[in-house]
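Below is the structure I would like to discuss, written out as structure tokens.
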Amino acid sequence: MPIKFPFSRRRPGPTDAWTKCPDCEQQVFNRQLERNHRVCPHCGHNFRMSIGERIDLLLDEGSFVERDAGLESVDPLGFFDQKPYPDRLEAARVKTGLREAAVWGTGSVSGRRVAIGLFDFRFMGGSMGSVVGEKIARCFEAALVERIPAVIVSASGGARMQEGTLSLLQLAKTTAPLVRLDAAGVPFISILTDPTTGGVLASFASLGDVILAEPKALIGFAGARVASGTVGEELPEGFQTAEFLLEHGLVDLVVPRAELRVTLGRLLALLPPAAVEEGWDDDERRWGPIGVLSGIAEKLGGAVSETVGLDVEGEPTAGNGRSPERAAEQTLERER
Amino acid sequence: MTELVSSSQAPSAEQADAAWQRVQRARHPERPRTLDLVPRIFDDFVELHGDRLFREDPAIVGGPALLEGRPVMVIGHQKGNDTDSNIFRNFGSAHPEGFRKAQRLMRLADKLGLPVITFLDTAGAFPGPAAEERGQAEAIASSIKLMTGLQVPVVAVVLGEGGSGGALAIGVGDEVLALENSVYSVISPEGCASILWRSPEAAPIAAAAMRMTAEDQHELGIVDSIIDEPGEGAHTDPGATATAIKAALLASLARISRLDTETLLATRYARLRGIGVYRESDVGPRAALDEPSLRRRIGRLLHLPGVPRRPRWSEIWPSGDDNNDSERGA
Amino acid sequence: MPIKFPFSRRRPGPTDAWTKCPDCEQQVFNRQLERNHRVCPHCGHNFRMSIGERIDLLLDEGSFVERDAGLESVDPLGFFDQKPYPDRLEAARVKTGLREAAVWGTGSVSGRRVAIGLFDFRFMGGSMGSVVGEKIARCFEAALVERIPAVIVSASGGARMQEGTLSLLQLAKTTAPLVRLDAAGVPFISILTDPTTGGVLASFASLGDVILAEPKALIGFAGARVASGTVGEELPEGFQTAEFLLEHGLVDLVVPRAELRVTLGRLLALLPPAAVEEGWDDDERRWGPIGVLSGIAEKLGGAVSETVGLDVEGEPTAGNGRSPERAAEQTLERER
Amino acid sequence: MTELVSSSQAPSAEQADAAWQRVQRARHPERPRTLDLVPRIFDDFVELHGDRLFREDPAIVGGPALLEGRPVMVIGHQKGNDTDSNIFRNFGSAHPEGFRKAQRLMRLADKLGLPVITFLDTAGAFPGPAAEERGQAEAIASSIKLMTGLQVPVVAVVLGEGGSGGALAIGVGDEVLALENSVYSVISPEGCASILWRSPEAAPIAAAAMRMTAEDQHELGIVDSIIDEPGEGAHTDPGATATAIKAALLASLARISRLDTETLLATRYARLRGIGVYRESDVGPRAALDEPSLRRRIGRLLHLPGVPRRPRWSEIWPSGDDNNDSERGA
């Protein structure tokens, strides 16, 4: 699987071809589309973007460094519907040139360093399984440790069915770090793009300190068909669009793509991580009494990288098989 | 844990039948619901109402209760027992205000140092337009977030259907218990079948494929312990079911109450953080963060910074010496 | 003004007279009404209660001890409408036998000690001016210091116009202690009786950890006439009743008067103040670093009773003329 | 402060006229509003929207801004400038969702350590049935409560009408400033006149009786400083008005930023706690609380127990040496 920096891959297809706009139905020259941030020059329709295009749109040139590119999905349930889950994964990899539906890394926006995660909807509908959840969680944790803002650009159909409740629990895994970001005063800006639905919207994506959305993006918890089908009601106009959510107080701003980079930069300037008090260097003062565990942590030495789960390699492991507590206890036992 | 990674194959007809039987028991119309069990488990209980924002949602119930004389906060989905009560309860599918009521009660528990006990029994959060308009996704997300940071012990019990985000919204626990015939899944088997098999009739196969039975969930590490049901299922003897749940809750709380606040939060975080199965190879730059101090790094990741000091619940819930934490995680 | 324990005064009028129920229009024998907690035996209508009757209804017999009975309203604005404010106060005192619209003290419910405040609507519509606000604030502070639950039984038309913004600011003065009760884990149970509106509802009364309401009590922010007049809308049925608020998620329970004492007792048993951790006696651990001020506080000695405003006597004083900071600074200056 | 206790007498016709002129200036249709002033006071500002619960309420606006290059959170009532914009803004009278948006922004400021600056300009919270249904009283109450505990400096500026609970809901500050022609009252003069004089035409008399002008409020200790307006009033020169407000804000923040978190909260508490004028005589048992330790007692009353540690904003807002706190309180 020798795919490196997969996000930089351009979408397949010749750039001199034409694409038909689904909104105004006009033909748009692909090269023109790319120059225009994939916005239809005729009607303003926002075409979906690849992760590489999104990075070009938002980040300072050349500033992005991917992290944890080696994370790969396995098939924990042995899931088979019409075809095996591993085959679906392989097909998605071939189709997109990506290893998974999300990428995270660090970069800068107008010179301000951020931890940023990005989704590509083309990879199995941007669905969140163990790997996507792990990447988002690591992105938040990096923001916490470095005290830099976190930014996530979502585009997802929700949790990945093929990993069952392991996917469902990614909602909690990706949300738990946000409590720590709050306590530490580190901002999180959530950017919702077309489409953001299901479990991704029902977890971190709805919890940004600021939530930006792209015009007309489909954003909702349940599919619109489900919503109308369930109750037999007619749906209100613009249901589940970014503008609908703005009106209902659920997003802060609907930002045209051409302004997204500037708006993000302004927000990062206006909402910096909290100033660190004098006692910052003093763990006891800033973080409260660390108690037993951190005492243990000091003794851990080389075991630490395992306990925080940052670079477990090789064979697939269930993360919860190696809780920090367990590792710490083992270390203590070894010492006794 | 390598047994988790089996080679993919379609569920057999027997597997589908077995899984579907569990789904049907979990959905049995006479299966005891939260409010059937609460009076059998707790000494006293006062149901509180309302999210203080918009509406009282009868699909989620909750309030303080006494468990063996000690105060706790109980929150659960509430299905009906017949057509009328099911309409009133919206079949246990909450609107945003239900989750926001739950959050209010959890905050009260957090303030007073009461352990939180939740009962999961829902097909899922209600997906109607009104729910979307009032921020169903936000309500679930903020409920999950709140639970990950509660400074009190949290035990979740899957009673019947553990349906997706609507279940998880009140289901983030330090321990997650499940009744023998309960199920827990990322999407309803019908929904999964519709999308992946393009036919809701494939629901039994989807149920087997998603491994949604309590045993499967235990194997996957999502559920910590399974609570045996009497005879043919909980509906045959609600009293015995309640007794079994009570015993399991007491054992859970005794285990959890050993931890001080810092350790409790660190352990809950580690539990959630560790969920997921993946392979990690050495492609690309390593995740070497610009971090000066190893000690501070692990401290920051595991410990909630700046949390207010809280009463220790070990005084409320003295730790027992029974059941060590051999059931936790791996 | 030699009125002592005014709350114990019975309402004027002979007990052998009859009262017409405003709901069912039947004549009710007064003695019967009192025996029945002032609930109409024919239709269940809840007549308003005096503070003394309310104490009899809720508290263990003989357990109530009034605090700060000596607080008296003055006329800070020199307010004169049809007659001077002091005359209105005097008339209300004569009419009710009360010194003010609220009373606070300590007592017990099923043996559990509480700090309790109670309103009498007959005293200028239960309106909240400086004295009522002061009593409620002291009630909460006593609950905090003693770590006992606070209970307030509201019946009020809102802030008292005759004291202008001094009354308005009582909303903040009575609410500020609740932040401390939250942090200390001390419960507050708010009981709304007929009527609770305006500034009292828009402050502490809406912020109970648990909010109980009496059946059919009028509870609302603005008067129903205002509400319908402003927008010309027809009001929904039962608008601003306790039952309406229950449906809209704004109160926890509507409790018939006959069950109120038992319900309150059960809630107090179920929601005890948070257990105090080992470090309770250690100010530094429990309360965080007390910092400069508490260092000063130690030096205050006799000045303390003034600084916390618990027993300033005699001449009317504007409370904010004696902030703890100011007093502390003065003490320090004296010491220099 | 004894001058506060004057003997009661009806306001004279001259007093009524003078007060009413101020009310009319405060309500002047061309008076600069929050969004007119914000770009003139701040270097940058991004308006954020929504309460994350129910609806975006345009009657209250807010978002982060830069004041002399330093970040703050700005929140204000927003009236319109003409019929259309007034209808859109509901004449600056917020529904519950407006106050809940404000609370969300305050929490964000609290999280990031940004001082909060609020602009008051409302006839009052909207009293319609929909507002009642969604908990108008709860929204105001919880907003007040939140502000009393914010761990960042808070400065409130009365721009025009400071109307009752709807104003106070975003008006609890460490310092409260007021434009010269602004008014602040517990009820609208028309409302007061209707109730006490049984005639809305007595509004000017009621305005005088309630002493609602900025000067009166300053005398009463509700307002700390008055900001002079240019010429005939703020509407004649919004730019100069903005400059005056900016200077006052900078001076306020310089004063407040001297305090560390503990002192800030203790001072704010003491400020609110001290508002009110009364006599206290020695009737009945003294308020001798069962309290063992004097030190602990005052510590408990003044200090927020168990608060998380916060960044010191003195680093964001270095204290100036100008204006001592002679204007505060008595």
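Which chain is which? They are A, B, C and D, in the order written, and residues in each are numbered from 1.
Everything that follows uses one rule, which is that a contact is a pair of C-beta atoms (placed from the backbone, for glycine too) under 8 Å apart; a residue touches a chain by one contact, two chains touch by 3 or more.
This one's a predicted model, so the numbers in the text were calculated from it and none came from an experiment.
By number of C-beta pairs in contact, C-D leads when C-D and B-C are compared. Chain centres were defined as the mean of their Cα atoms; on that basis the chain farthest from chain C turns out to be A. Note on chain placement: the centre of chain A and the centre of chain B lie 24 Å apart, centres being C-alpha means.
Averaged C-alpha coordinates give centres for chain B and chain C that are 40 Å from one another. One finds 50 Å separating the Cα centroids of chain A and chain C. Annotation for chain A: residues touching 2 or more other chains are 183, 206, 248-250, 286, 288.
In chain B, the positions touching at least two other chains are 52-54, 134-135, 138, 142, 305-310. Taken chain by chain, the contacts fit none of the simple shapes, being neither an open path, a ring, a star, nor a full set of pairwise contacts. The touching residues of chain C, when paired with chain B in their complex, are 182-183, 185, 187, 206, 209-210, 246-253, 263, 266-267, 269-279, 285-286, 288. Residue ranges of chain D in contact with chain A, taken from their complex: 44-57, 63-66, 71, 97, 101, 108, 111-114, 308-313, 315-316.
Within the complex formed with chain B, the residues of chain D that make contact are 52-54, 96, 100, 134-135, 138, 142, 305-310.
Listed in rising order, the residues of chain C touching chain D in the complex are 1-5, 65-82, 84-87, 99, 129-131, 133-134, 137-138, 141-142, 144-146, 159-161, 163-173, 175-176, 178-180, 183-184, 198-199, 201-207, 220-223, 226-228, 230-231, 233, 235-236, 239-240, 248-250, 283, 286-294, 297-298, 300, 304, 307-326. On the chain B side of its complex with chain A, the touching residues are 1-2, 4-11, 125-129, 131-138, 140-142, 144-145, 147-149, 162, 164-165, 168, 172, 184-187, 192, 195-197, 206, 209-212, 217, 220-222, 260, 262-263, 266-287, 289-291, 294-307, 309, 329-330.
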